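For reference, the structures are reproduced in the following blocks.
In the two complexes below, chain A is the common chain; its partner is chain B in one and chain C in the other.
Right after this comes the complex of A and B.
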C-alpha cells in the first residue's frame, strides 16, 4: 500500500513536470506578447518597449525563461503577473478560494440531488417518476451550459429575484456574520443553479444505469427473500454494490472543482478564477495562464487518485487483488 | 391429504408466465400440504415447474409470473392475499430460502456477518451487540470453527461450500418454520453435497423445521425426505412417501426417473435406461396426458383427455389412466 502511494506520487510529479514544459512552450510559442498593445501607441518609442521586454526577461531564450519560471515555482510564487505586477500565487489565491466555494457547494448539491433521484428512478423503473427524470436529464444534457446561464440571467434580471454579478452587495462590511453568509449565498444562487443543472443529469444517468443493473442481481433477490426491503435494501444493499462507476465520476467532479465553473463565473460575474484567466489569456499575461493550466492538471491528478483510493475502500474485491494491478 | 397440523396448504395453485404476449403455464392445479417439521421433496426435470412451485410458496416469483388460481395457506393465512409489506415480515422470519448458487446469492461488497445481521435487523433485532452474538451463534451452528473470522470475510474470500453454509446460516438465523431449498447442492462438488445435506438434516432435527427440497437428482432425497412429489410439465403426477415413490413408483415417468438413478455409475451410455423423447414444450402441450408422447405404456385413452388424480393406496396419489 505504501509503495503504491509512493509510486503514484512519483508518477504525479513527473506528469506535472511534463505538463509544465508543454504549457510553458505552447503559451510562449503562441503569437503576441503583453506589450503588443503599447506597440500600437505612436507616443511610445520602440526603445522603451524593448527596455520593458528586457526588464521582464521576454527577450531571453526559452530554456532560460523556463528555468527562471521553475525557480519561481519552487519559491511558491508560480511566476509573475506583468499585468498586476505581483507574483501569480498571490494574485490567484483569493479568486481560487471563491471558485472552490462555488464549485464545492455546487458539487455537494449535485451529489445530494443525484443519488436519491438515480436510486429511486432505477427502483421504480418505467414509472412516471423514472420517465420524468429521464426526460429532464435528456433535456438538460442537450442544452449547452451557456444557454442555460443566459436564460437564468435573463430571468434574474427581469424578476429581480436574485442579485447578479459579484459575490457581495454594497454595504457587505456592515452586515453581521449571518447576514454576510446570506448575502454570499444569494449571490451564489444563480451560478450554483446553473452548475447543478449541468452536473446533475450526467451523474443521475450513470448512477441510475448501474443501480438498475444491480437491482436485477440474484443477491438482491436473495435479500428480498430474507425480508429486507424498502429504502434499507436500496441504500444499504444495492447502492454500495452499484457505486463503482459513480466513484469514478466523483473523482472527475473533484478534478473539475477549480476548472468546471470558469465559463459560468465569467457569465455571472462571480469573482473566481474564470474572469481572471480570461483576462490573462486575452492580455497575454502568460504566467497566469500557465499557472491556471497547472492547477487544472494537479486537480485532475488529485481527483483520479482520490477516486482510486475510494474504490479501494469501497470494493473489497479490488482490495484483495493487488492494488498495483489497477 | 391435509391434516390439522399442516404448516402449509397449497390448494389448486396455477401459475403462468407471460412471454412474448403468450401465457405459458408453469404450474397447473397443484394441491399438496407440508406438515410442521416435515421434509417434502419435489423431483422433476428442468422445466417441470418445480422451482416455480417452490418460489411461489415465498411469493418470490418474478414480475412476469401470474398466480392464475388457488390459495397458499401458511399457518392459517393466505399468502396470495398478502401485501408486499406483510410478505416482508414473513420472508426470512417464518419462510426462508436457500438458494441454488451461493456465489450469486451473497452481496459481493458486504461482509457475510453483516449480511446475516441485516436479516436479524429486518426482523426486529434492534441491539447491535445482540445481533453480533446471534450471528456468531448461527455461524457456529452451521459448522464454522472460527465464526468471527468468517463473519468479517467477504463472499469472494470464502470457498463454495463455505458460502453455502453462510447462505444456510442466513436462512436459519430467524428460526423459520419452513425452509425452501431450490437445488441446494447442484453447484457443489459431490463430497460437499453430502456434507451440506447432512448439515441440513442435522439442523432440521435440532429446530424442527419443515423443508421443501427441490431437485432433479433423486440422490438428494435419500435417507431424509419424508414425502415426495414428482412433477412433470407443471403438474404433480405422483405423490407418496419416499419409500413408496422410490420403492415402487406408480407413474411411468417416476418409474423412468427411478430406474435412471438406480443404474450403477459407469454404466455404458447405450445401456442406460432412458426416458425417450424430449421434455415437453409448455406452449404446446398435448390435449391428453402431457407424458403420453414419451410414455412406454401409453394407451388409446391417454391422448384423448388428461387423467384425473386417483388414490390407489392410502396416502398416495397418482395421475395416470393405469390406475383409474
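Right after this comes the complex of A and C.
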C-alpha cells in the first residue's frame, strides 16, 4: 500500500521532469527567437542584437541553458519573460488565480449537475427522461468546444443578458464587497456555462453507464429485497459501487482546472492564463509558454495522482492488490 | 446484420458530405479568394420565384449587386454556367452548378469583410479543414499502430519505455502543447507549409490513446492459440504481425479514426482561429471563424457562423458513425 503510493509518486516526479525537458527542448530548438522582429529593423546593429542575446543567455549551449532555467524554476521564478521584463511567476500569478476561479466554479457545477442526472437516468433506464438525457449528451459531446463558445457568446451579446469580456465592469472599484462579487459572477456566467456544457456530457455518459451496470448486480436485488429503495439505494449503495470511472474522471477534471479553459478564456476575453499564453506564443516569449505548459502538465500529473489516491481510498480491491480490481 | 445497416447510413452520409467538398469548385459559384470590396458583409441573397414578368419557375436571387444606385435588383439563377476556372482532377474547369448574370452576385451565405462569397469559402475551406483532420488522423493512427504493435508484441523494457512515452503524451494538456509546438516553429510560412505543419503537429499529439488500445489488442492476440500454433510451425515475427495480429486491430483503429477525425478537424479550427494555423488567403473553417473574435462581427453578421455549423454537422455525423462502429465491435467480440 505504501509502496504503491511511493511508486505512483516517483512516477509523477519522473513524468514532470520529462515534461520539462520536452517542453524546454522543443521551444529552444526553434529557429525563431524573440529578437527576430528587431532584426528586421535596419537601425539596430547586429552587435546590439548579439549583446541582447548574450544578456538573456540565448547564445549559450542548451544543457547550460536548461540548468539555468531549472535553477530559476527552483527559485520560484519559472524563467524570465523578455516581453514583460519580469520573472514569469509574477506575470502568471494573477491570471492563474482567475483561471483557477473560473475552472473551480465550472468544475463544481459540472459535478453537481451531472451526478444526479447520471444516476437518475440510469435508474429510469429507457424512460423518456433517460432518452432525453442520452440524446442531449450525444449532441453536446459532438459539438466542438469552439462552436459552443461562439454560439453562446453570440447569444449573450445579442440578448444583452450577460456582460462579455474581462471579468469586471468599468466602475468596479466603487462597488461594495457584495457588489464586486456579483459583478465578477455576472462576468463569469458566460464562460462558466460554456465550460459546463462542454464538461457535463462526458461525465454523465460515463457515470450513467457504470451506474446502469451496477444496477443489474445481484446485491442491488438483495438490497431491494431488504426493503431499501429509492434515493437511499441509488446514492448510498449503487453510487459508491459505480464510482471508480467517475473518480478517474474527477482526477481528469482536476487536472484540467488550469489548462481546460484556454479556448473559452480567449473567446470570452476572461483574463486568465489562456490569453497570456496565446500572446506569449505569438510574441515568441518562450519562457512564458513553457512555464504555462509546465503548470498545465503539473496540474495534470497532480490530478491523476489525486485520482489514484482516491481510488485507493474508495476501492478495497485496489488496496489489497486484488486482480479483479476494476 | 442490423448493425451493418446502422453503420451504412452514417458512412454513406459522410461520403456524400466529403464528396461535396471535393467538388467545391463545381458547387461554388466564385473563387474563394475573389474580392468585391464594394460588397462587404452582404446578407445572404434571398431566392424568389417572381421575376419581372410575374411568376417564374426559374428562381431569382436578390440582394447582392455591384450596381450602386436604386434597390438591389434581382437576377435569374442559371444552372451549369461558365465562370471562373478551377482545377479538378488535374484539369482546368470552368463549369459551375449555378450562377447569375454579370452585374449581379449570388451569395447564398452572404459575403465577408472583403466581399468574398462565404458559401464558396465554406466549400473550399472545408476541403482544407477536412483534409487536415483526415491526414492528421492518418498520421496519428499510423504512429499508434506502429508503436502499439511493437509495444504489445515485444513487451519487456520496450513496452515499459513506450508506455511511459504514451503517458507523457496523455499527461500534457493538448491545447497548451499544440501552442508550445507551434511556438517552436516559424510563424510566417507559405500556405502548403503551414497546412503540413498543422497536420504534423496535430497528428503527432493524438497517438497515445489509440496506441494503448492497439497494444491491448496485440497483447491478447499474441496469446491466441492459432498464433501460438503458427509460431510453432516456424512463422517469423513479421509474418505473424502481418498475417495474424495486424488484421485484429482493424476494428479498434476504425473506431478510433471515427472518434479522432472530428476532434482533429476541431483542433485545426482552434489553431487557425488563434491565427496559428492555416493562414489567409487560403480559407479554412478555423480562419473563417477568426473574424468572430471581433464582437461586432459576431453580433451583426450571423452568416459568418456558417463554418461553425459545418463543424457541428461533421462532428455529429462522425460521432454517429463512431457509436455504430463501437456497437458492432462490441457485439462481434461477444
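Basically, the second predicted complex is superposed on the first by the 314 of 326 C-alpha atoms of A that agree within 3 Å, B and C clash if a C-alpha of one lies under 4 Å from a C-alpha of the other, contacts with A are read in each partner's own complex, and residues count from 1 in each chain.
Basically, a residue touches a chain if its C-beta (ideal position, glycine included) is under 8 Å from a C-beta of that chain, and two chains touch if they have at least 3 such contacts.
Note that the structure is predicted; figures quoted are calculated from it, not measured.
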| item | value |
| --- | --- |
| Joint occupancy of chain A by chain B and chain C, clash or fit | fit |
| Partner chain(s) touched by A:145 [first = chain B, second = chain C, both, neither] | second |
| Which of chain B and chain C A:135 touches, first, second, both or neither | neither |
| Partner chain in contact with A:164 - chain B first, chain C second, else both or neither | second |
| Spatial angle chain C-chain A-chain B, Cα centroids [nearest 10 degrees] | 90 |
| Which superposed partner A:300 touches (first chain B, second chain C, both, neither) | second |
| Touched partner set for A:317, first chain B, second chain C, both or neither | first |
| Which superposed partner A:223 touches (first chain B, second chain C, both, neither) | first |
| Contacts of A:44 with chain B and chain C, given as first, second, both or neither | neither |
| First (chain B), second (chain C), both or neither touched by A:292 | second |
| Partner with the higher number of touched chain A residues, chain C or chain B | C |
| Smallest separation of CA atoms, chain C relative to chain B, angstrom | 16 |
| Contact residues common to both interfaces of chain A (with chain B and with chain C) | none |
| Contacting residues of chain C [partner chain A, same complex] | 164, 167-168, 171-173, 175-177, 179-187, 262, 265-266, 269-270, 273-276, 289, 292-293, 295, 298-299, 302, 305, 308-309, 311-312, 315-316, 318-319, 323 |
| Parts of chain B lying in touch with chain A, wherever the complex brings them together | 58, 60, 84-85, 88-93, 96-97, 99, 101, 104-110, 115, 118-119, 122-123, 154, 156-157, 167, 170-171 |
| Contact set on chain A toward chain C in their complex | 15, 18-19, 22-23, 26-27, 29-32, 138-139, 141-147, 150-151, 153-154, 157-158, 164-165, 255-256, 258-260, 262-263, 266-267, 277-278, 280-282, 284, 286, 289-290, 292-293, 296-297, 299-301, 304 |
| Touching residues (chain side chain A, partner chain B) in the complex | 217-219, 221-230, 232, 236-237, 240-241, 314-317, 320 |
